[in-house]
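Shared chain: chain A. Partners: chain B in the first complex, chain C in the second.
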Partner chain A sequence: MPVSEGNSGEKIWRRRTTGEAMVRWLAWLAGVAVFVWCWNRISATTTWFFVWDAPRIAGDIFDRATPPRWSYIEKLWVPIWDTLNIATLGTILALLMAVPVAFLAARNTTPSTRFIRPAALLVIVSTRSINSLIWALLLIAIIGPGILAGILAIAIRSIGFCAKLLYEAIEEIDRKQVEAVTATGASRWQVMAFGIVPQIMPAFAGISVFRWDINIRESTVLGLVGAGGIGLQLSGSLNTLAWPQVSLILLVILFAVVLSEWISAKVRSAII
Partner chain B sequence: MTAASPELTARLGQPWKKPPLIRQAWLRIALSLGAVVYLAAAVSTVEVNWSRVYEGLDRGAAFILSFTRPDFLTRGSDIWEGLSESLIMTVAASVVGIAISIPIGLGAARNIAPLPVYLICRSIIALSRALQEVIVAILLVAIFGFGPLAGFLTLSFATIGFLSKLLAEDIEAMDRTQAEAIRATGAGWTQWINYGVQPQVMPRLIGLSMYRVDINFRESAILGLVGAGGIGATLNTAFDRYEFDTAAAVLLLIIGIVMFLEYLSGVVRARVQ
Partner chain C sequence: MLRLEKLVKTYRTGDQALKSVDLNVPKGQVVALIGPSGAGKSTLIRCINRLVEPTSGKVWLGDTELTHLGAGALRRERRRMGMIFQEYALVERLTVMENVLSGRLGYVGFWRSFARRFPQSDVDEAFRLLDRVGLLGMADKRADELSGGQRQRVGICRALIQNPALLLVDEPTASLDPKTSRQIMRLICELCAERGLAAIINIHDVALAQMFVARVIGLRFGAIEFDGAPEALTPDVLTRIYGEEDWQATIRKVDEDEAEASATAEAVA
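Presenting the complex of A and B:
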């Protein structure tokens, strides 16, 4: 037990030994030093005049943006529909691709832990670590701007997320049910369909709704790089400095995000 | 032997059928019909310029091939600058975001905060979660000018919504008896938080913070698209100029760093939990 000696030689309880305390102190010092260095780098590239001026600018933008131009909503119905489609079709496509990847990545269903599992994990990591906006940029360079690029961007980006959660669910299944089905003489596919799939179905439904909710969020900004949806209107309005339109679009996006989160929470609580 | 129940007798001798996912037949049919109608409507409104897609296939193949020979050197200094800016933004924003989200998380836990504080903190969290990072970045760039400061503020703001919410949920789910035991010793409010609450939520807080660092880095990669600093601007330029080799290099670096951060957070989480 770490103790220190008091004035008259009695032992006093301490949480850490002197060495431990020193190591902790040095770690904190290093952390603070790194932070200060980072902050200095940021502040060196910042035009501080703009920052001091920021409250005025913010007030100015707010004045220009209010009230929102409500009549502009007429032109937003089609982009909203497109955004919804990008998110939904993207999620469906992603799930179609994520299910096989998840089965290949789960330790208990993969055909080979040495070759196929790492490949599946690589797919999961690489699709997950790149944001959908970057996928959209890439797809626009390849197949041209439009809704299709948005759908594919959302789909590719979601594979990793869905497959990761799904393969974790597969690894956590109850072995007994699988064994029971195997014991009846079921083939590999029958074991899959009657032993594994029913066990991961709730997780699967939860994951799809959860991801759909996230995809609604992401698809609202995909248009900024030209991949269709309401973001296209947003970037157009921003470029023409039409602030009343920007504020209306932001309100619509906010509403859509809140609504989709509410739907997803409701559905998930109904399933689980 | 007891007599079989009528339900069982009715079932006996009939082949087994997989029970449907949704029990009510009408709901099942309505849902599947609705899904089919929606899908048909959705797919029919997606306009695809197939000839453009076909033309692009070569470029797609070129891009995939470029992963085999990523070009780190031609635009080496740009990549390095963008990447270091992304990392700097990530570190600074994570530190500030975590520091701010702890008090807000405490305030958003119903079992330790009074109602007015709870409502204020919850609305801050809701606002931060509802606003997309990219949109926040656009507004902040308009207000603060181009550069990593806008990105730093965006990421800090986004961190608050994520971390405070999960921290508050963790505090709400904590064990009351430990907190009460500390209280019974006559501890003041700060002591109560420090010895009754903090030890219970610390492992999860550390795990979540590591996870958030990882997310912040991933997000910092796109903030450059709207002028908020980081590697995104380099990447955007590379795509615009069809310099797929450079783009592939940047993407590989991002994937590498994310994998490293994920590995690190796995190690840290395994140690604290």
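Presenting the complex of A and C:
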């Protein structure tokens, strides 16, 4: 490779050959050129007046939004409770569906690699690829607005995520432990319960609280499209330009998310 | 007790791990299976309880032929074959007791096992076995808290609680220190004698094998190269099994070790 011989016969080593170095320089040059070109395009289509004005507007909104309208909190208890419930029930529902899907998708537990595994993978990919807001819009059209639509949107969106992480955990288990349980004459289900499940329990617990944590954040915006929870209040306040209410809602959401992160961190460190 | 007839295993890669092995192990006999890595020792053992499916040939356990059994019948026969593994293969996140009781899975229904409600007689037997191997106080520990020697003792309990007629033992001492290795080998052989169990023990350590077993089988390239008493393992025989090497040290070690081993035995007892 980049070892060559110098004039007096000594061996010279360099990290890259001259050709490789040239290719890298050209790649960097092309990258910079594309960046500059994009910068110009964006700059040409930007109304710079609004951008220069942005700090003043932002300051203006901040002025109007402070102090938050603390008394409004009375109307937020129920929506934030709904939001937490949407996230929690949605996560539980998702896990119930994700576990079988994960076992069908994992190479070492699937009954058929040719038919069932691709089907399970399709479920995983398709539920993962659509954002929960879009699921919520679809479900509201089907079952009407409300908390149920929110729960289902969160649940469906989470199946793929949970099942993917879980089936990867299943594929990484120690096969010898499974072999040992099989050798005792245990049935297929017993092998699963004694050989596989104990090995994936930490992963399962970690995935559950991780997804629950994500779902709390996702469920706060579901109300924007009418799927229940605190997002409904948020969109209402935004539309009526009630900035002190908006700031209070944002504070409440922040508090809920911090709380959920704290709980999931506690749970994870307790299990692993 | 155990009879292998023309047992052949060819892996999908084309490797012929076993070439027509014939073997007869009478009741109560402990056999050591030696041979270089890749000679097919593990495959042989796993073909008996069909963790690896043999390509052709027959395996007779008592009056039952195992290679043609369906899933349910195979599980019933597996209960009669206890297996002990190289790296213990305990379920790490279960307790010692759960690991031992998992040896009874073939006898207990799914929901009872799932709820960990094993029959009292099984629990009694588990405590008896743990006491026998000196781990009575460990029943509630998680398997991954134990040392190597302790784990292998749990593995032995799990195999014995099956109440097997045959023990299949795959490199029981490969990951243990020399002293623990001997203790484990001695324990296995004692338990086999107590219960009249036949056993096939895969083992790398020729000297250790000579110390404890009545019969040694040498496997080379998937065929039986030697079958006889441990005393008959001369340098010539070892060269035939393993290839050219100076074997004097390996064999001489046994005589010297004998005295020390019995001293250790007394210390342990």
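What we mean here is this: the second predicted complex is superposed on the first by the 240 of 272 C-alpha atoms of A that agree within 3 Å, B and C clash if a C-alpha of one lies under 4 Å from a C-alpha of the other, contacts with A are read in each partner's own complex, and residues count from 1 in each chain.
To be clear about the criterion, a contact is a pair of C-beta atoms (placed from the backbone, for glycine too) under 8 Å apart; a residue touches a chain by one contact, two chains touch by 3 or more.
Computed from a predicted model, the values in this text were never measured in an experiment.
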So, after the overlay on chain A, do chain B and chain C clash or fit? They clash
*Touching partner for A:258 - first (chain B), second (chain C), both, neither*: first
Counting residues of chain A touched by each of chain B and chain C, the higher count belongs to B
Quiz item: Given the touch rule stated above, what does A:177 touch, chain B (first), chain C (second), both, or neither?
Solution: second
_Per the contact definition in the header, classify A:201: touching chain B only (first), chain C only (second), both, or neither._
both
Of the partners chain B and chain C, which touch A:45 in the superposed model: first, second, both, neither? first
- request: Using the touch definition from the top, say if A:20 reaches chain B (first), chain C (second), both or neither.
  value: neither
Note to self: By the touch definition at the top of the document, which applies to A:57: first (chain B), second (chain C), both, or neither?
What the structure shows: first
After superposition on chain A, the stretch of chain B among 5-13, 167-175 or 185-193 that runs into chain C is 5-13
Dual-contact residues of chain A, meaning touching chain B and chain C, are 194, 201
Given the complex, residues on chain C that touch chain A span 49, 51, 75-79, 81-83, 85, 87, 89-94, 98, 102-107, 110, 113-114, 155, 158, 162, 168
The chain B residues in contact with chain A across the complex are 18, 21, 38-39, 42-43, 45-49, 52-53, 56-57, 59-60, 63, 84-85, 88-89, 91-92, 95, 130-132, 134-135, 138-139, 142-145, 147-149, 152, 218-219, 221-222, 225-226, 229, 232, 235-236, 239-240, 242, 247, 251, 254-255, 258-259, 262
Contacts from chain A onto chain C in the complex sit at residues 174, 176-177, 179-187, 189-190, 193-195, 198-199, 201-202
Within the complex, chain B is touched by chain A residues 31, 34-35, 38-39, 41-43, 45-47, 50-51, 54, 57-58, 61, 81-82, 84-85, 88-89, 92, 125-126, 128-131, 133-134, 137-138, 140-144, 146-148, 151, 194, 201, 217-218, 220-221, 224-225, 234, 238, 250, 253-254, 257-258, 261
